[in-house]
Each structure stands twice: as C-alpha cells, then as structure tokens.
Amino acid sequence: MEIFYPITPAHYLVLSAVLFGIGVAGVLSRKNLFVALMSLELMLNAVNLSFVTFSRVNGDVTGHVVVLFVVAIAAAEACVGLAIVIALYRLKEKVDLDLFKSLQG
Amino acid sequence: MDTFPIELTALLPLWIVVGGALALLLLEALLGEEGRKASPVLAGTILVLALGCVFHLLSLKGMPGSLFQGAVVVDLYSLTLEGICLLSALLTCVFSASYLRRERAVTGEYYALILLAVSGMFTLALASDFLTFFVGLELMSLAAYVLAGYLRVQERSTEAALKYFMLGVFASGFLLYGIALLYGASGVLHFPDLRHFLEQGRYSSPLVEAGAALLLVGLGFKVALVPFHGWAPDVYDGAPAPVAALLSTGVKTAAFGAFTRLFAEAFGLPGNWVPAFAVLAVLTMTLGNLGALGQESVKRMLAYSSVAQAGYLMVGLSAASLAPADDLERAVAFYLLAYTLMTAGAFGWIAWAAGKGETGTGFEDYRGLGLKCPWMAFMMALFMFSLAGMTPTAGFFGKYYLFKLALDHGLLGLVLVAVLNSFVSAYYYLRVVVFLYMKPVEGKETAGLPAPLDLRVAFLLCGLGVLAAGFLKFPF
Amino acid sequence: MGIETFQYKSLIQFDWIWLILAAPLAGAVVNGALTLVAARRKTPLPQGPYAAIACGAAILSFIAAWFTFQHFKTLPDGSVLTQELFNWIEAGPFQTSMNFELDALSMSMVVFITFVSSLIHLYSVGYMKDDPGFGRYFTYLNLFLFSMLVLVMGQNLLVLFLGWEGVGFCSYLLIGFWFEDVAKANAGKKAIVVNRIGDGGFLAGLLLLYALAGTFNFNELQLGKHSFSELSATVICLCFFFGAAGKSAQIPLYVWLPDAMAGPTPVSALIHAATMVTAGVYLVARLNFLFVLAPWASMTVAVLGALTALFAATLALAQNDIKKVLAYSTISQLGFMFLGAGVSAYGAGLFHLITHGFFKACLFLAAGSIIHVLKGEQDIRKMGGLLKHIPLTSISFFLGWASITGILPFCGGFFSKDEILWRALATPNPMVPFLPEALYFTALAAAFLTAFYMTRLFVTVFFGEYRGDREIYEHLHDSPKIMTVPMLLLGLGSLASGWLSVPEVIGGGNSLGRFVDPVFHLSTLEPTNLPHNLEPLLMLFAFLVASLGVGLAWYIYGLKHRVWPVLLKLIPGGKKAVEKQYYVDEIYDVLVVRMVKGFAHWVSDRLVEQLLINRMVEAVTRGLAGAAQLLRKAQVGLVRFYLAYVVAGAALLIYLILH
Amino acid sequence: MLEAILFYILAAVLLGMGLLVITRTNPIASALGLVAAFAALAALYALLSASLVAIIQVLVYAGGIMVLMIFVIMLLNLHPDDLKPMKAQGLTVVSALMGALVVLGPVIWVLSPAGSQPPAALTAGFGDIFAVGDKMFTGYLFPFEMLSLVLLTAIVGALVLAKRKL
Amino acid sequence: MILSILIGLPVLGAVLAAFFPQERAAKTIPLLASATTFIFSLLLYTRFDPANAGFQFQEIYPLVPRFSINYSLGVDGLSLWLILLTTFLTPLVVLGSFGAVTQNARGYYACLLFLEASVIGTLAATDLFLFYLFWELMLIPAFFLIGVWGGPHRVKATIKFVLFTMAGSLLMLVALIYVTHEVRSFDYTKVFDYSFPQDVQFWCFLAFALAFLIKVPLFPFHAWLPDAYTEAPAGGTVMLSAVLVKLGAYGLLRFCIPFFPYAARAFSHWIMLLAVAGVVHGALMATLQTDFKRLTAYSSLSHMGLITLGIFTFSLPGLQGGVVQMIGHGVYMAGIFLLIGMLYQRRGSHQMDAYGGAAQAAPLLAAAMLWMLLSAAGLPGFAGFVGEILILTSAYKTWAFPALVAIAGFVLSAWYLFNFYGKVFLGTPKANPDNTKTNRKTNPKKDEEIFLLPDLSLSEGLALLPLVLAALWIGLNPNFFMDPIEKSLDLKVIEKLKPQPVMMDFAAQQRRLQDEMESNRQPRKKNNN
C-alpha cells in the first residue's frame, strides 16, 4: 500500500510521465493532423505538471515561471501548426499526415 | 558609450536585429509594394550593421560577461556565434533576393522572419539559463518552420514545414522534459548554478543523467543527429534553397553553439557522456554520409551532407567532458564558421543554378556547367573541396581542430571512424565537381543563368572566406 | 698468393687508350647527328661523308690500337696499361670508375677487333650502297665498335657490363636494320630478349660478387680472390657463364643467333661471327681466376661447350639458307672456344677465337658477296656453279672453308682446334674420370660434322649447275673492289692467323699463347693426362677425321650421290627434326614464353589484379552503395517513422547514459 | 487523505481523457477530451499549490488554444468520410505504446525515488501571482522580452502561411 | 626568399594564365613562368652547401600562431633534387603540351603550374602541418588535370586516384596529429630529434607509410595507378609519374624512417618483399598489355618498386641509388609519356595495334623514344642503370632474396619495352584508323595521308632535348647528383636507423617509462651511444 498512499511528489511525477507517454503514443499513432497536434499539447502539459511538482518539491516558484512561458509558447506553436494545417488543406483538401510523403529517399 | 546601460550596448546586435524585424513589418504594412522592393536591401543593411557591431564588440578588450541576472552571457564565444549567424543570415538574404524575384514571392515578412530567426539564434547563443535557452530555441524554430513552408503553393515546401514542425515540437517536448528533470534535481535553471550543483558531487544522480539524456534528444533533433535526423534531409530538400541555407547553417550554428556551451560549461565534468556522444557521432557521420552517397539530387545530397557534418562536430564534442571549455568552444566555433561558409555557399549556389521552381537540382543538371560559367562553377567546386575537407580550405582546418581535440584526449577510435567517413564523403562531393567539369554536355542545354552582381559578390566573399579562414586570426 | 698475383701485374698509366675508344664514338655521334638532321629535312645526304667518317673512325681506332700494341710489346711480361677517365658511380662504399686497361688478353682482342671491323666497315661501303639507311647503318656500326672496345677494355665488371649491354643493343639495332620487315624486327627483339635473359644471370653474378668482394675491379678481385669459397665461386661462375651463354649463343640460349641473320650480312660477319658473340668467351677468360676456384663450373662450361659444338653442327647439316648454315657453324665453333676455356686452355680458346674471327668473317663476307651479286638470294638450292663467275669471292670462300674444316694443315683453324682438342683430352679431370675422353670425342664428332657441312655448302654453292633465276645469271659479275679486297684480306688473314700460335711440340713458337700467358698462367691446369709427344699423333688423327668429313660430303654432294637423304630416311622424322631445328624454338615457346605469359595472365592479372585488388575495391564500393540504398529505404518520408526514430534514439541515449 | 482521493480522481480523469484524445476518430471529440484533461490538470496544479498556473491553464489553454483549434476544425469542415481512414492501425498503436514505454520505463524508474522525499515546507504566498511575477520580471526578464517576439513570430508566421495570396 | 619565390612564381603564372584575357597568351605565360621558375631554382643548386646536412635557405613566418603552426621552408639533400626535377620538368611539360591541349588550355596550364607550386611546397615544407597542407593541395590540380583533360574513362580514373591518395593521407593526418601532440611542435627538426616509444612508432609508422606507399605506389596499393596514368593527358601523366609518385618515396625518406626508425627496421623486410613483388608484378602486367600507355604505367610501377627496395635497404648506396633512380625515373618517364602523348595526338590511340612502322614516318620521334626506353630498360650509361645497380647490390647485401627476384624485372623490362617499340615503331607502316573504311567516304584523303604520322615539331623537339641529354648525364655522371646529398642521407636517415641500446630488463623499462611521465612529455634528446 505504500506505493499508493500517502501521496508523494513521486505520484505526480509518474502521472506526468504517463501522460507524456500517452502524448507520445498519440503523435506516433495518429494520422489525423489535428489529433497529432493535440497529442503534442498533451506532451507539453505533462512536462508542465512535472515542473509544477518539482517547484513544489524545491519550494521555488521558478518552475511556475517556466510553465507560464511554456503555455505561451504552446499557444504560439499551436498557432503556427494550425496555419500549416490550413496550408496543407489548401493543397490536398485532406489533413491526413500519411498523404505527405513526396520528400523521401 | 558609458552613459548607456551595459545591457543596451552589449546586446546591441540583438536590438538592431529586433528593431530591424519590426521596421520591416511596418514597412510592409505601411508602404506595400514599394516596401517589398526595399525590404531585402533594408534587411541586408540591418544585418551588416549588426555584423559591424559584433566586430566592434569583439575588438573590445573587456567582455561584460553575464547580464540580466545571469540570463545571458556576452563573451567572445557568444559574440563569435552571433557573427556566424549574422553571416549566414546575410548570405541567405542575398541568395533570397534574386531567388524570390524569380519565384515571384517577394514579401517583407520573409525578411522579417529571417531577422526574427536571427534574434532567436542570438538568444540561443547568449543563453545562460534553460529558460532563455528554451525561448530562444522556440523563437528561432518557429521562424524556421514558417520559412521552410514559405513557398506554400509548392507541396514540397509545405510538406517540409509540416515535417519540421511536427518533429520540432515533438523534440521540444523531450527537451523540455529534460529541463524539468534537471530542474527537479538541482532546483536551478542557470548554467553556472547547475555546474556548481554538479560539482558538489551529486553528479551521477539518475535524475540528472536522465535529464541530460532527454536534453540531448531535443538538442540532437535541432542539430539533426542520427537518429533524430529524420526530418533534416526532407526539410532541407523541400524548403526553398536559400531557406535551406539558413536552416542548415544559422539555425544549426546557434543550436550547436548553445549545445556546446551547455555541455562544456554546465556539464563539463567527466561523466557518462563520452560513450553517448561517441555513439551519436559515429551514427551521424556514417549514416549521413551513406545517405548522401545514394543521392541523385545535389540539393538532397547537401542535406545529408549537413547531417554528416554535424557528426564531425560531435567528434569534437565527445571530448566535451575531457577538454577545457575554451578549446572546445574554439574548435566548434571555427568549424561552424567554416561549415557556414561552405554549406550556405553550396545551398545558395543551388538556389542560383536550379532555375525557376527548383527544377534542376540533380547532378545531371549540372553537366558541363563548369565550362559555361567557369567562375560560378569554380565557387561550387571550392565549396565541395572544402566540405570534403581538402587543404587548404576552411573545411580542412575545421576538421583538423575537431579531430585534434578528440585525439588529444584519447578518442583515437572515434577519430579513425571520422577519418574513414571523411574519406567516403569525398566521393560524393567530388562527384559534383565531376559533373561540373568532367562530363560533356549531352542533349538539353543546362542551366547557365546570368548571375547578378550581388550574388557574385556574395560567392566571392564565401570563396575567399573558405580559402582564407584557416589562416585568419581567430577572435579567441 | 694474392699479393703475389698483384705484384705479378704492374699497372702502367698510358694516356692514349682513350683514343681507341673515342674514334668510333665520335664517328657514331657525328654520323648519328647527320642522319637525324637528314631525317628531319627528309632529304638524304650523300653517302660519301658517312662512309668516310665511319671507316676513318674504325681505321683510326685500329691505328691507335696498333701503336698501343707496339708500345705494349716493349714492356715486360705481365704489364698492364691503364687509363683512368673519370669516376663513374660513387656511393659510400660503392666505388666504380670509368677506367680502362689493356693486358695481353684485351690487347690481342683490341687489335683483332679493330682490324676485322675496319675491313668490314670498308666492305659495308660497297654492300650497303644505295640503301636508304646508309647513314644510320654506319652510325650503328661505329657505335657497336665502340661498345665492343669498352667491353674488352673495361677495368671493372661494370664498365664491361656497359660494353656488354651496348653491343647487345647495337646488335638489336642492326639485326632489325630493315625494320619495315616485321620478321626482321622481331628477330632483333628475340636477340635482345634472349640476351637479356642471359644478362639476368650476369647481373646475379655481379650482385653475388659485389656482396663478397665489395669491388668490381678485376685487379682487386684477383687480389682478393681467396675470399671466395669454392661454393660461392661456383655459383658466381655459373651465373656469369649463363650470361656468357646468352651473349655467345650457347645451349640453352643459342636460339637467337640463327634468327639474327636477318641483319645485313656484314653485320653478321662482324657481330654475329667475329666479335660480339665471342664476348662470352672473353668474359670467361677474363674471370679465369674465379673459374679456377670453381672446377665444377669450369666443367659445366666445357661440357656445355662441347655439347653446343656437336648439337649446332648437326643443325647446320640440313640448313638451306647460306647464312643459317654459317650461323649454326658459328654456334658450333663458339662451343669449341668454351670447351677450351672450360678445360682452362684459355690461350687455346683465345687462339680459336681469333682464327675463327678471321675465317668466319671471311666466310660471311663471301656469303654476303654471293647474296649481293644474286640480288638477295640466300637459298643454296638456288645457287650452284658460281665458281667461275665470281672468282674472287670463290677464293675467299675457299680460304675460309679451308680454315674452318682444318683440311689445310697449318692454316687457320687447324692449330687452334687441335690445341683445344688436345687440351680437352689431356687435361685431367679429378671429378669425372672419363670426362676428358667424352669431351674429346664429342668435339671430334663436331669437327667431323663441321668438315662435312662446310664442304656441302661449298660444293653446293660453287660447283654444279646454276639453279636460280636465269635473269640474274645473265648479268653475273663479281662484287666491287671495295668488297672483294677486304674479303680477300680476311681470307689471307685466316690463313695467316694459324701461324700466330703454332704448337711448340711441332716446333712452332706458340707466340700468342706466350703473349697471353701472364694473364692465365695462374689459372691454367697443366695437361698431364697424356705425354706431350702424343700431340702430333692426335693432330694427325683429327686431320684424318676432318678429311673424312670433307671426302664424304664431296662424295655425296659433289658427285651427286643421293646417299644423304637415304641415310636420313633411316631415322624416321630425323630430317624433319633437323630442318625444324629440333623444334627448339617451339619448345622454348611453350616452356618459356607461354609459361611466363601464362603466369602473368593467370597469377598477376587474373588472380592479383582482378580477383584480389579490383574485386576488393569493387566489393567496398558495392557495399557502400548497397548500404546507401538501404538507407534511402529507411528515409520513408513519413513523419511517423521519423518520430519513431526519435523515440528509439531517446531510448538508446537513456540506456547509454544510465546504463 | 482528501488529497489522495482528489489526486486519484483527477489522475483518472486526466489519463482517461488523454486516452480519449488519442483514440477518437472525430477530432471534435478529441478536442473536447483535451479540454477536460486540461481542466483536470488545472485542478492538479491547484493541489500542488500553484494557484496562478492553475488559473492560467484554464484561461489560456481551455479558453484560448482549444477554442482556436476547434474553430479551425470547424473551418475546414471535414467530411466524415475523410476521417475514416485516418484512424490508426492496430500495429501502429502497439508499436507506439511500446516506444513510449521504452522511453518512459527508465524515466519512471528514475523519478520514483527522486520524488519520494517529502516536499519542502510551504512558504506564505507560494505560487501566487506576486511570487511568480517577482521571479518573472527579475531573473527572467530577458526571456520574457523574447517571449513577446515568439508571439510576434507566431502571428507573422500564421499570416504568411495561411493568407490566400502569396 | 628563394623557396617562397619558387612557390609563388608558378602560382602567379597560374593566376595570370587563368585570367589573362587573350587566349594566345595562354601558352606564353605558363612557359615563361615555369622557365623562370626553373632558372631561379638553379640558385638552389649553386648556393647549396653539401657539407651542411641541415636545412638551408630557411624561411620561417608564423602561419597559425595559436597552434604554433609556421610557414617554414627549407631544403636539404633529401629534397634538393626533387625540387630541381620538378622545376626542370614543368617547362618541358608546358612546351610538350603546346600541340596536345587545345580545349580550355588556360585552365590546363593553370592547373599544371598550380600543381608545380604545391609540389615544391610539399618538398620544401619543414613544418609538418604545412607539409600536409601542400600534400593534399596537390590532389586538387591533379584531380582536374586527369578529370578534365583526360581520356575516355577519365572520371573513374581521377576519382580512383584522389580517393586512394586521400585514404592514405587521412590516416597520416591522424598520426600526424598524434605525433605533433606528443612532441608539442610541428617543427620538423623537433620531431626528428624526438624518440618515440616503440608501440607508438609501430602504429604511426604504419599510418605514415600507408600514405606514402599508396602514393609510390607499393604493390598491392597500386590499383589507382594504371587507370590514372592511362587516362591522364600526357602532361598530367608526366607530372604524375615523374614528380607526384616520387613524393611518396620522399615522404618515406623524410618522415617515416627518421621519425620511426625502430618500426622502419621492424617492417623493412615486409616492405622489401612487397616492393619486389611490385617489381615483378608490374613487369609481368606490362608484358600483357596491348595499350602502350598502360604498359608504361605498369613498368613505372615496377621501377617504383625498385626505388622502395633501395630505400629500405637502409644503406647509403641503396638510398643514393634510390634517389638517383627517382631522378632518372622522373626524367625518362617524363620523356616516354611526353612521347606517348605526341603519338596520341597524331593518331588518337594508345593501342599498339593502331601503329606500326612509325620509325619510318617519324624517325626523330622514334629515336627519342628509343633513347628513353633504353634508359627505362636500365642500359648502362643511361639514367636507369645507376640506380638499379646501386639498389640491387645494396639490397643483395641486406637481404639476398628480394634482390635476386628483382632481377626478373630487369629481364622482363627488355621484353615488354622492346615489344612496345617493335610493335609501334618497327614493321610495316599502318594506316591511320581514322582515315580508313567508314571515314574514307566522308573524309576522302590521298593515300599517302593515310599513313601520315608527322615527325616532331620544333616545340616538341625542344621539350624533349633536355630530357634526352639529362637521361645520359644521369647515367654517366651520377656523382653529380649523389655527392651533394650524401651528407644529408647519412645524418638524417642512416644515423637515425642505427639501433639504440635495448633495455633488456623489465625494471629498467619501467623506470624509463616513469622518467618519461615525469619529464612531462618534454622532447627528449636522442640517445646515440
């Protein structure tokens, strides 16, 4: 039972790691560009959870600052990512990742 | 100068570039068509100005060191990196000017994005803490993603942007995770603090090691180390050639510069890095070279070659935890300079020679060009010799310093692999020269476009730089 | 003993030796330059100047040699005239100078060579008249004379080698003089290649000798000859003999000489009869102090010499080309000389060398004259009855014939051959007891055959009916004086040369033998096998044998008895074998040429070059290309795969760092 | 105890919604799942005394980014047929999970002992806007300034990539 | 300053030739530049002091001060003749190429002069780094010379040539970095005075030797040679065979043996065996060829094996023989390849079958060729003999077996060389294949023109004459070449090779190692007693 209780920072960290894994799995397995983008967001948020946890462990709010920065950057990335999606959609009328493999070899 | 705050003067190149980017955007918005025409000139001027500023700062005796409460550090190394990035951007601007005119895609935003990317590179070069480092990386990368997809009506360009973006963000996730772990272990983000923390003996904490490993994944992606390189050939190949020049030189210089600083200064202690670095180096060199070996397109060959070249840098970096930081940074900075001159030159040459829509990037397309445009072809030959590491070009000196660094610290096996790779690479580099000079023209007329004056000047400077860089006095 | 040897020789500086050499060299240079200039301008120069320069040079050389000889005779026995010209190769302990010396051996050779070659130069003026290569011819001839003189006058083995290779090369040039004819050009090539094979032995001898003695100088070698063990001396001598066999056309390297008849006939007379081919004998005689240390090597020389004498004589029996008969006869006679040298009768060998030089040159010149008047016809079956049409040539030929067969006592080869026969029988051989007898009878058989085939030749050519082209027959007249006079002089010379060294046992002076004795006397084995007074008896016996040969040939050919073909038919295939020269060329082609080429083809080319080197290079390039293609497959172009690589890489790194 | 219950509930929601995101065929469903996941995450932040971060998480992510994303999805108006083939194949999923595990295994192994020591004592105002702001505008002023450029780049980039005419 | 001028003049000439606007000047400028260089280089001979074994005409300027890399030049007995050979041959090659090179002549001459400059630089460099710079620099003009102006398979040949050479050079670079790090100096003399531990010698020797032996080339590293020689243009082949491959032998003498004497002694038997294998292999391959340029290429391989054999006898006569053979081989190979180029220019073929009876049409050409072939065949009195006899006698003293086997090369050389001469120059004249059969219809010519093979032109004759004279001069007066270098060879190679006292017991060796550690890797003076 010691593994489950009491709640230590390790629990948060493991949770964050698992969430990161889900994000990775999503990016790797999905061909839908939107879902892939969302999985990327999941990954970033998993890292954020780690930062907040470590902040709490170290008693230092630097981790929070990082999280705020990451949120802003994630927004910017999402913005560019969506723009790319639109550009792609204009070319092929599809958002299937596997369709874009003209560059290879 | 004394009356200005040091933060203003020491970072003047950065401010100039940022200001320039804003000015370009305003110009585009306010003036429209005329602004567009003026934008390359303005961008060039700004870059030259910044470059002059960098030179001036380099010539100053004392270095301000750490600024903004340790967020950035201005020293000879970072200034040198800034200079190299500016050089890369400047060359890109020159290459772009005629290229974009030919593709009918001139906009002010393009140049603004270049300047924004440069400011990202600067941030990266100056960064002395992980947060600045990450922001700089993202700033540079975002601009780079967009530039790669700039010709969005072409499928290749947009696809390049997509791949670059997807993998970039994915790798950023890993990088960030690594930072998180390091932060968790040490509670600090500043490089010197981390070093201090590590020196206290908690060095081999698994958290630190795991963090460093994940950091390495992220950085490895940015500088296209195998096996994180998947994007690189496709992106360099798909992106417009001048952009490829910037991506493969400026972006890589900044990333490698920061990479080196991180591992030379923050992690610069004997540790488990050597085998990891060595494995990465061997994989990168070998697979990069083998990839380039099988190509029929010069542009794509160059893309692979830039992967392989990163491998040589890794040979030097493998000595990161053994060699003094100064030596390492010097060797890396010199190699980056040489690499920038020759790779940017080569991509720029492709931008010139490939013709509208980049239809002619194959080896076959350059048959007999050496006889038609002897001097332009000679420049390409020079870049190829330099990339192959033949004397007395900068490429040779760069490799020499890196290999020497590794060898002086006992990495004989690694250097032997590097040398072997260098040998293999000579084949495909020389193949370009073979097609330029030694294959008769068959059938269709090849390209043989007139080269505008600005291009000629740029190539001449590149060529002279390639020839002379090894003999010049290096700033530090 | 070594010091004694050295004291025995007294070296005397003589500053005019160079003139003997310089005259032909200058002639060659001047004529060569003129020829090249003419070739460049495409307008031939008149022949007079060429002839004057070349003959003048040869005669000048003879005069210089003659005066040197006169000076030499005034000196005490064992004197050596030397002249040091310049240092040639000096590298640390390796010291060689371009020095020349004349002792009794080389002195006699020089006088003989310059005399014979002067005459042949003169003869050539007539023989080569109207040939477009006139200037070239005389350039080569002078160059040859120069090289031959360097060969015999060199003070050390390297200078000798310079002349040795020089004469070989001149022989190449002259055999292939009419190079438009592929066969003739190939004959030249064959000569130089076979000579080179012998030279390989020569070179090996040089290396061994130098490694042991540290010098090439004959005087120093003689001084230090006791540093050689019997084994090393034997090996060295065999090496040098191999070289000598190449140059002097002995078994197993005689095959080039019959082909060498492709050259102009005066060349055959000078080079391939009188002078160059005797260089091997000279070499063995020159190295007598080594051969005496190596009895087995000497024995080999004698045995091979005797065998060659007999073997070549049988080959001469069935030749129909007048020059080929003479060529085989030359080989046979050279065998006699080697037999003499091999039983340490160096003086006798030298004597035979000189007499042979005279009579064989005479025979060749006469043959040349016949060919000249018959407009190039060489087949004796198309000659006959020439005696009355070309009397002067016939006389010359007769004199030569008389000398070689030894039928005319006291003339030419009579004494020299008998001396060799006598020494072969009389010199004891402690190793193989019956050898002297075997050598003697072999040589005697060769002498018999010599008499037989020479008579056959003589009779077929000069007697009977003319069987050739009628048109030529109408206009038959003897050669011009410039040809006949030297020819006759040589004929007389061959008569007179016999008197150079009449054996003491029949009251002669043996003057040549005495003259050269200081050179050889330490190396000579006394003929103690038989009492001396038996010599005249043997002489008589030999004369009878020769007469038998002459008589038999006369009976068969002169009197038209067709016995010979019947005889040959008794031995199945015998005639064919002789006509095909025992298939030696074919055997060599299979054994040497094909084997070397086969080795080159299979081992060097196929195995090493193609299989090992090229295949390896190919394998590397193929491997790299294959890997490159494999890698291209991995670059699938799909984002997901690249992401997977990243994940794999991350795993790799984590394991590497955390391990 | 309450913290534990809350943690497990939130963790279950978070992971469940995360799985929902990566398994749904329809991107709208995924997006809604993501919003829910973010909400759970915000609550977890609050549990970790990160009040400002929790608020920003809800405001910016759930409110800003996700709305943007859904807008784009709607804008492109994908036909349901287009979505069908875009579902992952089983093999890919398995390999993806394996890959994720290969990386995560060691990380988790490292994390568990590292995080098991008790957290530092809470100071007053930890994680509130003052503490965070103080840190942000002193030690991290420079990256903050640069962050503005990141956003500018994103705007320009979106403009360049998405505008109709080049 | 002499040496810098010797390097600078050809570079200047190359740049002028390349940039000069008038095509006509493309011939005169390079000729002038190379001739001036040659005349200037004579100063080296006249002012050379044979009694001084050290470097003369020294110049030292810092090049990359941070790494104490200097631009330092100097000449001693080892390099004197090779520099003079280079400067002597280049104007002749330029002259000999007047008729042969018509396309892009300016580039051709620029490459040629550039090659000359880099060769002189390689020979004169006394700084190891500078040496390597020049060493690799040579590849670039050679690459172009073969690749642009070469025969039909030139691309394969030039790539092969460059890659093979590079493979060796790169390994040498590694060893060079190691060695200079150990000594902490790039200065030749410093490295020369240092004595390396045996295991270091072992590996570094292999790395250095590989680079040089590929260049020489030693059997079996010669795969590049036949192709490169055959495909290069005449001038390029001359530079390759006469100058470039000599640098391999030079490198052995200059670096490999003096730096790593222990290893050199240890490997000498193996290298001698390979050298002699090369002698025989080259000769045998030459007998098989139908392409006479290839034939000559293989004969060159055979002769270079002899030079290597001479060097590894480690005796003064052997070394001097090696050097004389290098000069001689340079001269007669230059002659032969120039002549082959002239034949090719006249008939466009390297096949022996395409020729025949050429001596009739072109007697001067034939005479010159015969003269050079005699030198190649090692006729006494000509250039080839002196080296051959010196090498063979010293090799025999060192180790009899290879010397005796090498005689086969001597014997076979007559076979293939005279076969070549016979097939091309003797026999019945053959028609020019260009003018027969199919070409006859489109290109009607008179009968006599079919056999046309013009004799030497004035410029060709002028180019050959010095070579003809030199071939004889070397053969008759080799002391002229051997005397000035004797001291250098003796002190720089032989002395170094004398075995140093061997420490037998382990304790002493350990002590020595400790001393080494303590002395902090300072260069140690050589222990000679």
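Going by the order they are written in, the chains are A, B, C, D and E; count residues from 1 in each one.
One rule holds in what follows: a residue touches a chain if its C-beta (ideal position, glycine included) is under 8 Å from a C-beta of that chain, and two chains touch if they have at least 3 such contacts.
A quick note: this is a predicted structure, and the numbers were derived from the prediction, not measured.
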| item | value |
| --- | --- |
| Chains contacting each of chain B and chain D, listed by label | A, C |
| Innermost chain by mean C-alpha position | E |
| Identity of the chain that, by mean CA position, is farthest from chain C | D |
| Between the pairs A-D and C-D, the one where more C-beta pairs touch | A-D |
| Separation of mean Cα positions, chain C and chain A [Å, integer] | 97 |
| Mean-CA-position distance for chain C and chain B (Å) | 78 |
| Distance from the mean Cα position of chain E to that of chain B, given in whole angstrom | 42 |
| Cα-centroid distance, chain A relative to chain B, in whole angstrom | 27 |
| Touching two or more other chains - residues of chain D | 92, 95-96, 99-100, 103, 106-107, 110-111, 113-115, 139-140, 143, 147, 150, 153-154, 157, 159-161 |
| Overlap residues in chain E, where contacts from two or more other chains coincide | none |
| For chain C, residues that touch 2 or more chains besides their own | 632, 635, 637, 639-640, 643-644, 647-648, 650, 654, 658 |
| Inter-chain touch pairs (all) | A-B, A-C, A-D, B-C, B-D, B-E, C-D, C-E |
| Residues of chain E touching chain C in the complex | 160, 220, 222-223, 281, 284-285, 287-288, 315-317, 320-321, 357, 359-360, 363-364, 367, 374, 379-381, 386, 389-390, 392-394, 396-397, 400, 403-404, 407-408, 410-415, 418-419, 422, 425-429, 455, 476-479, 482-483, 486 |
| Complex interface listing, chain C residues touching chain B | 624-625, 627-629, 631-632, 635, 637, 639, 641-643, 645-646, 648-650, 652-654, 656-659 |
| List of chain B residues in touch with chain C within their complex | 162-163, 166-167, 170-171, 174, 206, 209-210, 212-214, 216-217, 220-221, 225-231, 233-234, 272-273, 275-276, 279-280, 287, 290-291, 293-294, 424 |
| Residue ranges of chain A touching chain C (in the complex, touch as defined) | 24, 27-29, 31, 97-98, 100-105 |
| For the chain C and chain A complex, residues of the former touching the latter | 632-633, 635-640, 643-644, 647 |
